[in-house]
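First chain written, first letter: the chains are A, B and C, and each begins at residue 1.
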Amino acid sequence: MFPKNAWYVACTPDEIADKPLGRTICNEKIVFWRPKAGEVAAVEDFCPHRGAPLSLGRVCDGQLVCGYHGLAMGCEGKTISMPGQRVQGFPKIRSFPVVEKHGFIWVWPGEASLADPAKIHELEWAESPDWAYGGGLYHVACDYRLMVDNLMDLTHETYVHADSIGQKEIDETPVATKTVGERVLTSRFMDNVMAPPFWQANLRGNGLPDNVPVDRWQVCHFIPPSHVMIEVGVALAGKGGYHADPRDKVSSIVVDFLTPETDTAMWYFWGMARNFKPRDHALTAEIRAGQAKVFAEDTGVLEAQQRNLLANPGRRLLMLNIDAGGVQARRIIDKLVAQEQPQPLAA
Amino acid sequence: MFPKNAWYVACTPDEIADKPLGRTICNEKIVFWRPKAGEVAAVEDFCPHRGAPLSLGRVCDGQLVCGYHGLAMGCEGKTISMPGQRVQGFPKIRSFPVVEKHGFIWVWPGEASLADPAKIHELEWAESPDWAYGGGLYHVACDYRLMVDNLMDLTHETYVHADSIGQKEIDETPVATKTVGERVLTSRFMDNVMAPPFWQANLRGNGLPDNVPVDRWQVCHFIPPSHVMIEVGVALAGKGGYHADPRDKVSSIVVDFLTPETDTAMWYFWGMARNFKPRDHALTAEIRAGQAKVFAEDTGVLEAQQRNLLANPGRRLLMLNIDAGGVQARRIIDKLVAQEQPQPLAA
Amino acid sequence: MFPKNAWYVACTPDEIADKPLGRTICNEKIVFWRPKAGEVAAVEDFCPHRGAPLSLGRVCDGQLVCGYHGLAMGCEGKTISMPGQRVQGFPKIRSFPVVEKHGFIWVWPGEASLADPAKIHELEWAESPDWAYGGGLYHVACDYRLMVDNLMDLTHETYVHADSIGQKEIDETPVATKTVGERVLTSRFMDNVMAPPFWQANLRGNGLPDNVPVDRWQVCHFIPPSHVMIEVGVALAGKGGYHADPRDKVSSIVVDFLTPETDTAMWYFWGMARNFKPRDHALTAEIRAGQAKVFAEDTGVLEAQQRNLLANPGRRLLMLNIDAGGVQARRIIDKLVAQEQPQPLAA
């Protein structure tokens, strides 16, 4: 269950650099390609001639050429040409609004007339030279909402990520959760704790001692339809924590774009944006490798959870205080989905 | 959708040389074996005792002996013996008409009383010492009719086989298609073109220059239930093309026996028969290797097309002039299938 | 189709030595662990918090700690604790009666109030220092009743195990089958035959000649719900066969615990208990390796048989004299399953 009238991250630019990309998003099979430098197009991945996936084809002079019989498809879903054929009468296939922004390709799988690029939310870290970003993509066989739950309740770090970012103080420190408009915010502040391995490495990476107490924070932002941005960091204890001077802390934003593939599978665009040593590419690569390991741990647990839930369809789960972030996020998702349903006529 | 009252290629003799072969043909699970040299038998692949596949067994003294408890099955589906048992009362299992001819094993999966070996069409190249044949077998996860379409419309060569047999003149030269009785014929003649790599190699193989213009032809014959024979060749330009003297051309027959496995999968017996240098085994092997690569390219496209069609069941495809061969062939298939349906009683 | 009110072998102690084990038994997803040395617990493999499999977790101080958010589960299915939570109101999950006995962990997947450990049948070989046991576990994709049939009709040995324990005299010697209470017994005695390779090795292992005639026996015991114990052995010919002096024979018990996983898959705990040279561990390992090969042969046949039966649902199989053991065993299984159905009210 997902809203379709929304902008989702479809892919990264490198995925369409050399050839078209076929990807299912919100149950729509879509092919993405670059008609020219700086532009991107998205249409149904279905050739109107014989139904071959257009994503098997190639891009020639900005046109997507079917790999079966050479039909050339245009950005709007209209056939441009085909060897030996008059194509004016060919049926149009569906095209999808698609935009490149913030270093990602965004697609709107719902009603095209409602797609407004201005609705793609701002990402300061993506546009400023003071920030560096590194990330990756995982395919995860679970409902994307299980990942929302996961990211809005970080108590799991103590168990799933015991060797990297977990520590028992996460469990012991309550969170505060609130809904603000269409966003959900859940925060945890742990004062005077020892940094776990991942943060020790980051402290060292920023030239700070890794063996002294720190103040640690986690502030999770759910942003519809399915994005979770988590402000995380540690500051030398007593220096102001979240508000400490940049010289006394390391902080970053865990970036999670969750794009539904089907009802029980998703594309997980994960990464980290940081505003310290932004030009240190070796550090970017090191952080990225650490995250890749961490998020693979989540993947294993969530896919097993999904199988268990499918095998026990009627079963109710618990909604504890730690689950408030996921619960409130789902409430917003439900509302967005309901708004897309046909409205009953007035009596 | 396929006629069942027809001869299909089931396997090649080497596949039953040492042991029985289990193969599903037109949704029938069948086991093939040699009761004696020069003979072949085919029965249901289901032991009447406990249901084990008879194809797991072995052939002893011409009998097919079940690998589970030693039941010996005869060619007609009647149990011959079983250790310690009287078998007279054992239920018969179904046997299938089966014939070895032209270097292939042919099976009739439908009503046995209608099976007439004389209906297996003649293949001159299979019987004459002036011809050589080499081929192979692929399993393809698609409706065999998608392969009929593919082979009756060779414009795809330009796109799917760009590195071997494709060339832009194929697209640019219209085809002529006609139905003659129960056969369909579609032809294309390209005069004064340069030969693509596959044909260059064949020209060299036949001692002809490979860097001069040629006249190229493709004449596709659809023969029910699902065989496509394609006369292909190139002649030095202006020497008469298709009708040129053998010294001035290389020509061959692309042989395609398409045997349905299920509604969405098929066995693809592919090969090439040629009447030049028929005793040059190295050339046979070289051509075979080239074809193996070409037909593997088709396989990838057709399986993707099949998945796309299954995911879009209601969708109509285009029927262009280039598709006339497939369209007319399907018309014949439809007629044959309709003839097999129970006839309504006269009023 | 299987009785659920019965003790089944769930696993061996080594499988829960270091970490919890998730296993589906009679369609129930269960997690097994050791709360303390010498104890074993079994509950639903479903965390009541968010549905993650508890088997992904770890055992800490005897509690099963969920690997997702640290919920600690107790033996009775009651949550013991969870960081930062009051757990009194958490819903109980189902627990299963479970017992360690005879070197195996036994579970009762049905109505817990009926589970009586005294109903686990006695296994003399498992408790006496005069016996040695070696075995293994296979997952087999078939209805466990096909394995019951297999083990209660050893004529298959001649065909499936031709290189190890098969010999033609098995086929030629009739069996006697009878039901005694809730057990089925089927026996075959072959006098004055040559030992097949597996028994030759055992004769040598026990210091007896391997190239002289022997009397061989096979006595299969079906014991509900799904255990088959087979007394097997060979004695030097004319020395009394089954009743010969231990110095003149080698004998053992083939141990088969068949535990349904689902309706079409099973866990096969196989092994052999012997009362000669019980402290010869190299011999135990050698026999175990031989059995592993033999039972892998069965697995291949039974999985193919299962696929054939699923593809031919309406088809009736033959019930020959050799099948009497399986037929009578299924009669007992049917009765046990019927007894578990809700009883109609008296009129």
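Methods note: a residue touches a chain if its C-beta (ideal position, glycine included) is under 8 Å from a C-beta of that chain, and two chains touch if they have at least 3 such contacts.
Remember, it's a predicted structure, so these values are computed and weren't measured experimentally.
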#### Entry: Between subunit B and subunit C, the fewest steps along chains that touch one another
1
### Query
Superposing the C-alpha atoms of subunit A on subunit B takes a rotation of how many degrees, nearest 5?
120
#### Entry: Centre-to-centre distance between subunit C and subunit A (centres being mean Cα positions), rounded to whole Å
48
### Sites on subunit C at which at least two other chains make contact
none
### Summary
subunit C residues touching subunit A in their complex are 29, 45-46, 48-53, 56-57, 65-70, 82-85, 90-91
### Task
Flag every residue of subunit C that touches subunit B in the complex, lowest number first.
149, 153, 155-156, 158-160, 168, 171-172, 174, 300-301, 304-305, 307-309, 311-312, 315, 317-318, 320-323
